[in-house]
């Protein structure tokens, strides 16, 4: 046994624990945010600076800071902001980004619509084959994309040739694929959110004169808004980040950002600075959007358990 | 306003273990403007029946009529009903006003102004006018309850359906709302079906109560009828607190007695002709048994039993005295003049007139107590329940 | 991959209109013929094709649409095109992909009647180039531009380190590197991140070996010469300390950047490094000198050349127009311009007479380096062998750097690869 | 997200119900409505998932190579030949494939452990009461929100042996003496694990955080009264209470990692070092570079079966555990 005078008092223990928590939090934040910081810093560097053997943690030297405070214009000389100008001409970054936004946003909308319907069916009703459908939903999450990539491509070509309706390298083609990829997860997630809504609310709505579908749309969906926001964020990210299918199904005019950004690393040259500038420009609005709407999204992500 | 006619209603659920019969060939007629309370233990089928009437559950077999109209296959929105739920089921993203207006908006062609007016009138009547702009989250339980009621009332429906609407309220509020609801119903004069597991609500609120057990109808009748003329042992035991005492007795027709190891009572005269078989269940309500101090001078000496007190429960105005009668427990509500305690030996009086007798096997009532009941509906509802 | 007759409308009007518009691939310019073409993505290529497509249309009335595909997805895109028999009419071909793609029916025989009259005169190409372009007696592509790997050095840096001249052979290379006393490194090669087997092939040829036997039926890279070559390659890292260890990670971009930044004095690489060097502020081609890479122990020279070709997909509806377009691109001026833009040498010898190659350096490429340059054999299944060799060579040099290379590993690695080659062939 | 626990429990319960088929002759109106709601999703899945999967499986039994690439339906039926070939550890390809499967398992299990530990730590920290924890929560979610391709490229840049900031930092604070090769050699798989975990841990964090929020305060109070230390509270209250959420997290992270293509592809490039050749990347390289569709398909099917088997074994474990008790 430790002698009593050496044992920490409970207040000291609390304080130490508090310090520990702060320390761990600080480390985690560093881990989480450093790459993002590094992206921004690198976007202001020349190729030589980036490939230099002794990378600098700070964009400016400490000794320069007093001078910069006096004359902020100096910053423009030190920071290689030209990346932000030249990148537009190097590759059509804006097109890539807009393509991605169109694809990801539309996918999100469709996946949410289909997911809400399916998730609601799963949450509210019992029907024959429910277990099988549930298993299939989960099963889709184990399919290696590479197994269905080629058959799907051939299928698209077949549709194109037979019906004459273009499928490859079109927005609707890739949106259809992404929507389907994300629908199982959307159903799964949304089902959980619907589970937290008492059945009686839907019943009240139906007694109040709604059809089942009206009750869903007018009453249930608004109540599940945070869950829908969280699911939407999830779907959006999946659609924004996919590369395997995008690389053969979404080429040409619909090339998304996730593919396009990689062209900054060409066979002969890597335009790291410009790539990071483009990345910064693309990441900023998404992070901003998330921060603005984080309340319902985070609420949605954590909902359910509270009511468990 | 409408009569509700339930004809051979059957509801079966499919479940992994096979199908479950939730409601079994239920027949019932509810008069226009009548307040009927469905009561029974949980899982007895009362809520299912209500939900079938609402159209929230599809009916497996049988028909439902509102007045002359067959509504069996109608959707809830076509039935012109309003429903109040146990958890109120207010729409959290709408204000009280929108909550109340929603039904009218969805089910009628009324103009916005008319709807507004009706909402305001109802709110006025319910005393919730100042809450109209609030969302449910900002309201207390009682206030939510009123809004939920208001939402039903404003619809001016043919039938009100209430599914344990008071059970989420605290005891005091519940008592208050009970009265209020009753008044409201009689003012509005809308056919009302009210589901509860609380027998106090059942006894105090309904014009008639419908006792259900295991998906089967046990008895329909006025509260007093069900209380004093229970159709069977289940109804007798379900209504009343503390519940009716039951004692298994052997019938000895020769000596004309009902007896077990601890006592022997004469068969009540009114029942002599109906008694057959060798086993019966004797039922007697706690308030009808009395503790006797002057044994020798008692008017019905052969209806006295000597017992031992196990526990007493003073409630203030009365005391529940638990006794041991031949190994079976028997409860007496007494005014406690005697000040008995556990371990005392006392005599109790079981008045012949108050004895119920039930068939030991089927539980069917053979004899009722002679307590008078409300006269108006005795004629039509007397006799045994239609248990098919 | 992106198409450069960009219809911005599409990008900005959103998905709804996309549904209705997406079908309209062609701009539909009435009477004229339209061909679709696709090239590997590279900076500067867009401007080049904009200009020349316009010139070509003016001349012939044929409208050329073009799009680009990144190297990362190119193989996958071509694979899906060929599998489904859809895609553009004219497509850039990377030489090493020819056997599988040709076998899968991806390329039209350019000596077939439909097009033979319209393609460029193949007589002007070097024999080595034509060997690459021919697969199983079919001419599957027209050599477009190529680049042999050459010894390149920044003379000033070399001299600063107290070393003179170009290394003649392996020993010379090691001696020079070890006596080098400059601020930075003497020599660097691209590492395991990008086709390390090209370096291995170079050393193999220099030590007198070959990749496959003469009738291309069996592997030959795992014999004595092969082991010697790979051992020398590994020793450049671990034994002689000639190659800086960090370079084992380097891809083309790194070596270009490093050379342009004068982080090392010399390298063996294609023209890309020269271009990168030239692009840097204050640098001039006059700083550099070029020669064939050092020869092996027995005096054998050898280096790798890569080539890009232009091919026509057999599903084209406009073979004639496609061939005409290829013919146009192979004219001296356009050929030289694109080669120079991308960092290669033109296959049309007249290209060297244009302003783009108006420097002695390029003559050295042409005269000293090409004679010893070889490339991979054109044989079906080569892709698999190449992939395997890339991976074993990468493993060997990575282990050499990290110190995990054991005796006998090199033989085992090559035998493994030979096993794959044997099965494949 | 935390409600996935409930979904999960239900799912497990549903599977039990799976055997009450065959179809009832008469569906109730609710059931018909439920089918209508599910119809669009199922129809889409048929086209995009099920049809191609059947097709892909078919190809795995056929000798589709470059010769048959554009007329695969004429390719010879070879039975199990493709499977036997890629599964034979004595051939080099078979050996490579088995190795890639091994790397896949390391990738999946490694990522699982790292994301779970990070996610749990972060969730526990966020569950403490301190000023600015909502800001911290938002910030910690950013790695998940930032476009994955971008973050992978950043990590790739940071992991460079010579010019990368990571080696630079590690050297300067004295953790290592020599720069480490992160992107080549045997370390690659761990680099991949670290990077992938960075992109995934916020999701795990938020799920576990939701689980933490759902633990009734009384349990902690009761534990305090029983004299439990902080660690004991975690060990005997928090951790067991998190079990249902953890079960979901573990399954999802495992599955999503096993078939993840983006992370290895973008981080390591199309020609990854051998140690970084996880299954899906190896298949990609092997099948698409060489037009070996038949064998590639066989490899994919094997990967699919492995993922499914793991999930099913996991399910089985759940069945044996206490998950079936709640069937709502």
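Order as written gives the chain letters A, B, C and D; numbering starts at 1 within each chain.
Criterion: a contact is a pair of C-beta atoms (placed from the backbone, for glycine too) under 8 Å apart; a residue touches a chain by one contact, two chains touch by 3 or more.
Just so we're clear, the structure is a prediction, and the values are computed from it rather than from any experiment.
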item	value
Selected interface, A-B versus A-C, where C-beta contact pairs are more numerous	A-C
Identity of the chain that, by mean CA position, is farthest from chain D	B
Whole-Å gap between the CA centroids of chain A and chain C	37
Chain centre separation in whole Å, for chain D relative to chain B (CA means)	56
Chain centre separation in whole Å, for chain C relative to chain B (CA means)	90
Shared-contact residues (touching 2 or more other chains) in chain B	14
Sequence positions of chain C contacting 2 or more other chains	72, 76, 83-84, 246, 251
Multi-partner residues of chain A (at least 2 other chains)	51, 53, 126, 150, 154, 262, 265
Pairs of chains satisfying the touch condition	A-B, A-C, A-D, B-D, C-D
Complex contact set, residues of chain C against chain D	72, 75-76, 79, 82-85, 100-101, 103-105, 191-195, 246, 248-249, 251, 380-381, 383-384, 387-388, 390-391, 394-395, 398-399, 401-402, 404, 416-417, 419-420, 423
Of all residues in chain A, those that touch chain D in their complex	17-18, 21-22, 24-25, 28-29, 31-33, 35-36, 38-39, 42, 50-55, 57, 114-115, 117-118, 120-122, 124-136, 138-148, 150-152, 154-155, 176-177, 179-181, 183-184, 187-189, 191-193, 195-196, 212, 227, 230, 233, 237, 240-244, 257-258, 261-262, 265, 272, 275-276, 279, 282-283, 286-287, 290-291, 294, 298, 300-306, 308
Complex contacts: residues of chain A adjacent to chain B	126, 198, 200-201, 203-211, 214, 219, 222-223, 225
Touch list for chain B against partner chain A, complex	14, 51, 54-56, 75-77, 81-83, 85-87, 89-93, 102-103, 105-108, 151, 155, 161, 163
List of chain B residues in touch with chain D within their complex	14, 16, 58
